[in-house]
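For reference, chains read A, B, C and D in written order, and residue numbers begin at 1 within each chain.
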Amino acid sequence: MADTQRVQVSVAELSRHNTKHDCWIAIHSKVWDLTEFIDEHPGGAGILLRCAGKNATNDYDQVHAPAILEENLPSDRFKGILEEAISDIPPKGTVTEARQKNEATQNEENPLRNPELHTLISAADFEKIARTALTPKTWAFYSSAATDLITHHQNKAFLRRIMIQPRVLRDVRKADFSRTILGNKTAAPFFISPAAMARLVHPDGELALAKAAAAEGIIQCISNNASYPLGSITQSTDPQQTFFFQLYVNIERQKTTELLLKARDLGIKAIFVTVDAPVPGKREADERIAAVAIQSAISGATASNDKKGGGLGRLMAQYIDKALQWSDLAWIKETSGLPVVLKGVQSVEDAKLAVEYGVDGILLSNHGGRSLDTSQPAILNLLELRMKCPEIFAKLEVYVDGGFERGTDILKALALGATAVGVGRPYLYSLVYGQEGTQHLTQILKDEIEVSMRLCGLTSLDQISPDLINTSDIDYLVRSSNKFPDIANTRGRAKL
Amino acid sequence: MADTQRVQVSVAELSRHNTKHDCWIAIHSKVWDLTEFIDEHPGGAGILLRCAGKNATNDYDQVHAPAILEENLPSDRFKGILEEAISDIPPKGTVTEARQKNEATQNEENPLRNPELHTLISAADFEKIARTALTPKTWAFYSSAATDLITHHQNKAFLRRIMIQPRVLRDVRKADFSRTILGNKTAAPFFISPAAMARLVHPDGELALAKAAAAEGIIQCISNNASYPLGSITQSTDPQQTFFFQLYVNIERQKTTELLLKARDLGIKAIFVTVDAPVPGKREADERIAAVAIQSAISGATASNDKKGGGLGRLMAQYIDKALQWSDLAWIKETSGLPVVLKGVQSVEDAKLAVEYGVDGILLSNHGGRSLDTSQPAILNLLELRMKCPEIFAKLEVYVDGGFERGTDILKALALGATAVGVGRPYLYSLVYGQEGTQHLTQILKDEIEVSMRLCGLTSLDQISPDLINTSDIDYLVRSSNKFPDIANTRGRAKL
Amino acid sequence: MADTQRVQVSVAELSRHNTKHDCWIAIHSKVWDLTEFIDEHPGGAGILLRCAGKNATNDYDQVHAPAILEENLPSDRFKGILEEAISDIPPKGTVTEARQKNEATQNEENPLRNPELHTLISAADFEKIARTALTPKTWAFYSSAATDLITHHQNKAFLRRIMIQPRVLRDVRKADFSRTILGNKTAAPFFISPAAMARLVHPDGELALAKAAAAEGIIQCISNNASYPLGSITQSTDPQQTFFFQLYVNIERQKTTELLLKARDLGIKAIFVTVDAPVPGKREADERIAAVAIQSAISGATASNDKKGGGLGRLMAQYIDKALQWSDLAWIKETSGLPVVLKGVQSVEDAKLAVEYGVDGILLSNHGGRSLDTSQPAILNLLELRMKCPEIFAKLEVYVDGGFERGTDILKALALGATAVGVGRPYLYSLVYGQEGTQHLTQILKDEIEVSMRLCGLTSLDQISPDLINTSDIDYLVRSSNKFPDIANTRGRAKL
Amino acid sequence: MADTQRVQVSVAELSRHNTKHDCWIAIHSKVWDLTEFIDEHPGGAGILLRCAGKNATNDYDQVHAPAILEENLPSDRFKGILEEAISDIPPKGTVTEARQKNEATQNEENPLRNPELHTLISAADFEKIARTALTPKTWAFYSSAATDLITHHQNKAFLRRIMIQPRVLRDVRKADFSRTILGNKTAAPFFISPAAMARLVHPDGELALAKAAAAEGIIQCISNNASYPLGSITQSTDPQQTFFFQLYVNIERQKTTELLLKARDLGIKAIFVTVDAPVPGKREADERIAAVAIQSAISGATASNDKKGGGLGRLMAQYIDKALQWSDLAWIKETSGLPVVLKGVQSVEDAKLAVEYGVDGILLSNHGGRSLDTSQPAILNLLELRMKCPEIFAKLEVYVDGGFERGTDILKALALGATAVGVGRPYLYSLVYGQEGTQHLTQILKDEIEVSMRLCGLTSLDQISPDLINTSDIDYLVRSSNKFPDIANTRGRAKL
């Protein structure tokens, strides 16, 4: 590569290599010959060919971490330095074109167009900004949920239907909301939930989340589909910072083994195995926007234009192992040597199995309503578990996510026995402002928790219990037992 | 007829025969003398007279199958071939005029105006398209429901209020959703519900439905009010294809006997006797659009402008026998020699009677909310039956329809013991795109069922049970017993 | 009076008598000296003085029956025949002026502006028309209800929340919905509820209602505040026609005695004593429109601009006796010699008292939501009574009104034990089309009942019972007992 | 001060003293040297500096009572009389500027723009007027509630969900709604709830409220954050007038002691200690409008632009003692020698503690939804208390506030055992019309109570009981007990 470092490639020269059999592409002023790589591109050949003979920096940056290209290509594929900057014009017909149409509202390019960060005073404010600041495609990917959005909306609505009965006349000068999760100290009883491809929102992506989490003393759970390599993320901040890692088990188990070993080596503190998405849910907003190639740096999840069309979510899920089952958990635990948490438990029965299989924690979750629509709101699962199986809370840690936006939302889950709450979409939306946005959101949530604790008469989270809340408005929704008698023989019925 | 085949009739000549006593009409370039037929026209004399002396091809095609005219008229009524094509201008003041006003949004004439089929990704998408693609009259006929649409809306709403509790960590590489209905294999646990006059949506009408059903391996239940003759439909596709036939019993029982014999001969596999519409419901949207003559090819149901006015639905129901009762079922079963299913059962009591009378299946249905408004949503009837009379499911097959649009909707019914689900309006709407549309809709529903099964941890429909779902949000709506003590003697009360 | 019959009074002459001390007014071409009558005018002196020296025919006709003037004034007050017709211009600043501003939408003056009657197919259609056809003041008076309209809206909503479970396969060629109310045959199980001042809608007012009721074979309950004299109404149609009479007991009991004797003489069949309005409710829409003088022909209820302002409803209620109590019922019954029905019972306790006091019927009613807002919907009162005191239905007849607009609404009440249902506002709205409108509405309701009966499997109202309906959606709203333990001594509490 | 009384200060002279080290400000034509006072200004130095060298009368008047300045500043700080009136132009960049932008809608400056008072006929009408008549900041301060406004809206909604079952045929000529609160007679069963800074609405602020209360015979509970000194308020009207005083306990307890002694001396009849706001709730509408300096005359609560930003509510709460607890109540009671009421009790447990600690009354309140969002509506707390602890009502008086706007709202609370109801926001809104508005609102509420009592069959509040109402629609929301079994050891769980 040394020789070519000084070679100049003109735009005219670049543009001549624009076919499937002779395909040069410029990224960050460097020109690469990708001819042999076309068919291996996880995002499909099409997306590369549309960039053939052109400067594709914009497209690349949208979804790939800077280091990936140089790390993965042989050095002889480097052809030289692009002569001029003028070719920064994005190729026609690519994603970038769509992006540019929306560029006026994009945050990284027009940061000044967004309101000043200090004027945002709630998690909902971040969502409001993101709705206009993100590209339509990114907004669709993050905001969408399964089919009719019923579970998505109920996640939040059910939280709001739980009422609080504050206690008065207690000395609330102190309000300690620190917590311990799987033995790890955290400044607050919530963590950053894993969510894919944070670079779609901000160039710093998961790095910004990591730095903000460290600065605020909270834990980040890194997505298997993060847009930066796992190591880049863990090493971007204080080595003492606690990270969890969310895992999709790969059809090629060996890849998962390697990933788990890497996670262990990088000091990850727990593995959150996603169990509620053997296939991706049908997120229609996402499906409605044509897919483009996106590569996740960690899992190599691919996203290509297949004939069916397919949203970003569906494309990125192609590598997930649909055959994963309870008996596989031992392998994950053994390989990683780390505590294992099941992300996506949605029934009392599976919570019991989790105890049986020696799992360390369960995250009651319906994937933010993105997996199966009309599945129960997560808080209802927590309520059911708390009512029917209180003993489980003594045997493993229970977390919950989906729709949590307020300090009171979080306190309600804690009152029902949760150890901590995952916050997902709001953190992605906070990335519109980069690390600073993520810290600001964290401070808002902390402030809301602190104020709410005081107004509830609580000085420490150890004092919290179901006595604080009134769940009567959703109690009737907890599934009752034995209301359906057995049918003797439905299918093979004897005709009259 | 042979002689006149070569006779040319000029437009001027045709136009002279334009009275009640001398009425010629041209259809598909053939001129017929309908003078003697005027008073027998099921659609009423008025509609014919408005076409007297004119080319009425457009009107005819809208509602009649091509073969009906030549099959039913004596050959000496044929007067010759119309000289010119220019008379294809529709007569003034007829339906066609109304159609033309809306022609810009009509699909068969402007197929390019509708979005490309592959961009439709849900049953609701088809409804959205149909709303603009159909003529106002056709839209009103299909989309309307009884009076205040309460049952219509609740059919769907109640389905969505049932929650799912998915199970995790099961090997879901396989997801088999094939089913057997009355001994007939089907690729999916749903069938095409009978709906009248599919030609109103697409020229191919029920033929397109039949071909699509065969291609997708599902069963079509043909409407008694189909716009094509029963034989045309069954013979339009693979002879192995399974058809059911929906029956309105005619006031003239002999006609029903003939129809049942015909159905048996054509290889129909079951008779669905409609029992929830001895008279048609009051569908106001339909009523508000003035009635025009429409003839159903199978039943000869008539539609005429009577003094009360009357929507398409009301007009077509005039021949239905209001006296049909339980004791008539034996006759239907015996005559047809086929399994009999009652379409429109809405109470546990009638479900029990159905068992008693040796019926093979019941379709819990409120006619898509079109019959009696505020009658219970069909899924609530299913829930009630499953709670109170589980033994019934072992004695006959139970189906349900009304508001089913999602894979999850269908799985919920199966969880409550249904053998299969009927899908009606969405299939009619799919006909905007003809057979291809119907297949596309079928694929969407299959895909949703498959994805949902996997997300629920199911690999076969045999595994489904009430354990999968949480019906708590509608349990309280199941009618309780004994809350109304008897009144000793209300009417003949003794005055104080 | 004979002499002056031929005297001509010129417009100039008339206009000279335009003061409080010399006040002539022309009505229907006759000129009257009303000077001595000014201070006795129930509508206040102001309204008369504004007409002094003018032709006030328009104003008079709006609210007074034609015969009242000649019946009540001494003949020497008649001054002659007005010379010219040109003075038909309404005086400035009177009601008529306000009316004219809205005249474009008024029905009697612009009958052609309203849709043709046959295009109206539901009770709701009549309301829709009335909203624009009536003057704002009249619309406000009839459509308004107490304060926040909660009871008004719930009356209808609760009816719709009751579900029906139709029975199938019964011979429903016949559907007999005739009924007997207090021994009087009626063609349908509903009657025209009393409502004040029908002339505000149509010049024929209660006369049109009476003729329509007779033509359709149903019973009319005449309002105490009717705009025509009671005798004019009863004598306007077939002497065999059944009338009930609604009574507000007057502070001057003697007036009530006279009225009851008159009612008895006129052949009235029952007295409906209003008991839910000792004072009028606060109907804000009505209050917001400044009051004008309106006189009820029967009760002499006055409506004047007092300092507080006051809607039509409040003004007309000034004569009502707030002291009326249970022990007064014997007097009413004895005086009239007629069956007595209590209109406005709203609790089980009062229903029991009604039995105890020998009442013949109770009309469960909240005055169409016009009396006390947030009082229980009438159908809930019926449900409670049916659940808790079924024996009451054997001891007196029970009626119900408030929000009934559909055939199914009415059948639901009958299923809960009601003998008949009162229909109020829809009948007033039907008067936009005069008698013909009232008949059309009646036919619509009959048709809906007939169709609904057939769809329910009913051939006679005698077959109706709670089995037909599912009230689960409102059962929980029936007041439960004993949930509030006694407080030992709340007010005179002993301080700690 | 005598000497300088005649000194004339020119505008030019004034404008020279415009720095932090030489700061003159003119208020009401008097010029003061505030240089030494800048850093002590409770509202912060910034706001003073913006007025340096200028006439700040407008700003001052908005939030300070007239007497405060002369009472608190040494007389040698007085510099003379401002020469001309022309300098009445408000300084740039101050609150006044914002006010002027909205001045077209401000009531005191444009009283004619508001509808005439007699056209307002309900409490809701006052809110509607205030929404446009107040400055956006003032509107935000008063109308805002915590975070998502859920409790705020439910306060009112839950009241409306309680149904009434009126009794009929009782002599209701009399309707006595007078009441005794803590031994003090009052003309009506409601009182004016304390609310801060009434001068923001009207220059007469709390003085107008006091005079109106006296004129109408009702009790005013004065806010600790009133904009007039406590003495000015109590002395503004009839010495027999009953006042209560709402107290925030100050971090500097001595200040509270002084305040209590003062209250006692001024003849205050009871102390309402606020216990539901150790910290202020998060009122986002308020927070979104930048804070400006506002000083409460009684508590000296400060409002300054701190770095976090902060709404008026948050700023004014800085002096409140977060450590206040049950054991402090004895000190308050002893110091004041007055009955003590706890304002903001929200649980049965705390109601019991209140009895235990010898409290005289509790005000069930969630601070109008301003404190902790999703806390229970106050009426639900009352219902729960009435169901579970009826004995409490015999041991102390119970009041309730939050969302009460109608006579029926108030009667419902009394039916559940409340002695009286607090009315807050509506009274502030009534101040748009000054004292006259407050009296008019009081008359409306009285009239609604009187009419409602009669329609309910009540002649005295002593007759009221739970029998009058049907709470079934919210009964299920009363927290049930024992549904959450204990968790043995959640936090320190033994790993499996």
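Quick note on the criterion: contacts are C-beta pairs under 8 Å (C-beta built on N, C-alpha and C of every residue); 3 or more make two chains touch, one makes a residue touch a chain.
If you're wondering where the values come from, they're calculated on a predicted model, not measured in any experiment.
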| request: Could you tell me which chains make contact with chain A and chain C both? | output: B, D
| request: Please indicate which chain is farthest from chain D, where distance is taken between mean Cα coordinates of the chains. | output: B
| Self-contact between copies chain A and chain D, residue sets same or different by half | different
| query | So, what's the distance in Å between the C-alpha centres of chain D and chain B? | reply | 64
| remark: Taking each chain's centre as the mean of its CA atoms, chain C sits from chain D at a distance in Å of 46
| query | Which chain C residues reach two or more other chains? | reply | 476
| query | Chain pairs in touch? | reply | A-B, A-D, B-C, C-D
| Contacting residues of chain C [partner chain B, same complex] | 118-119, 121-122, 160, 162-173, 355, 358, 360, 386-387, 390-391, 393-397, 406, 408, 417, 447-448, 451-452, 454-456, 462, 465-466, 470, 472-473, 475-476
| Where on chain D does chain A make contact in their complex? | 147-148, 150, 275-279, 281-282, 284, 287-288, 309, 322-326, 328-329, 342, 344-347, 349-350, 353, 371-376, 380-381, 476-480, 483-491, 493-496
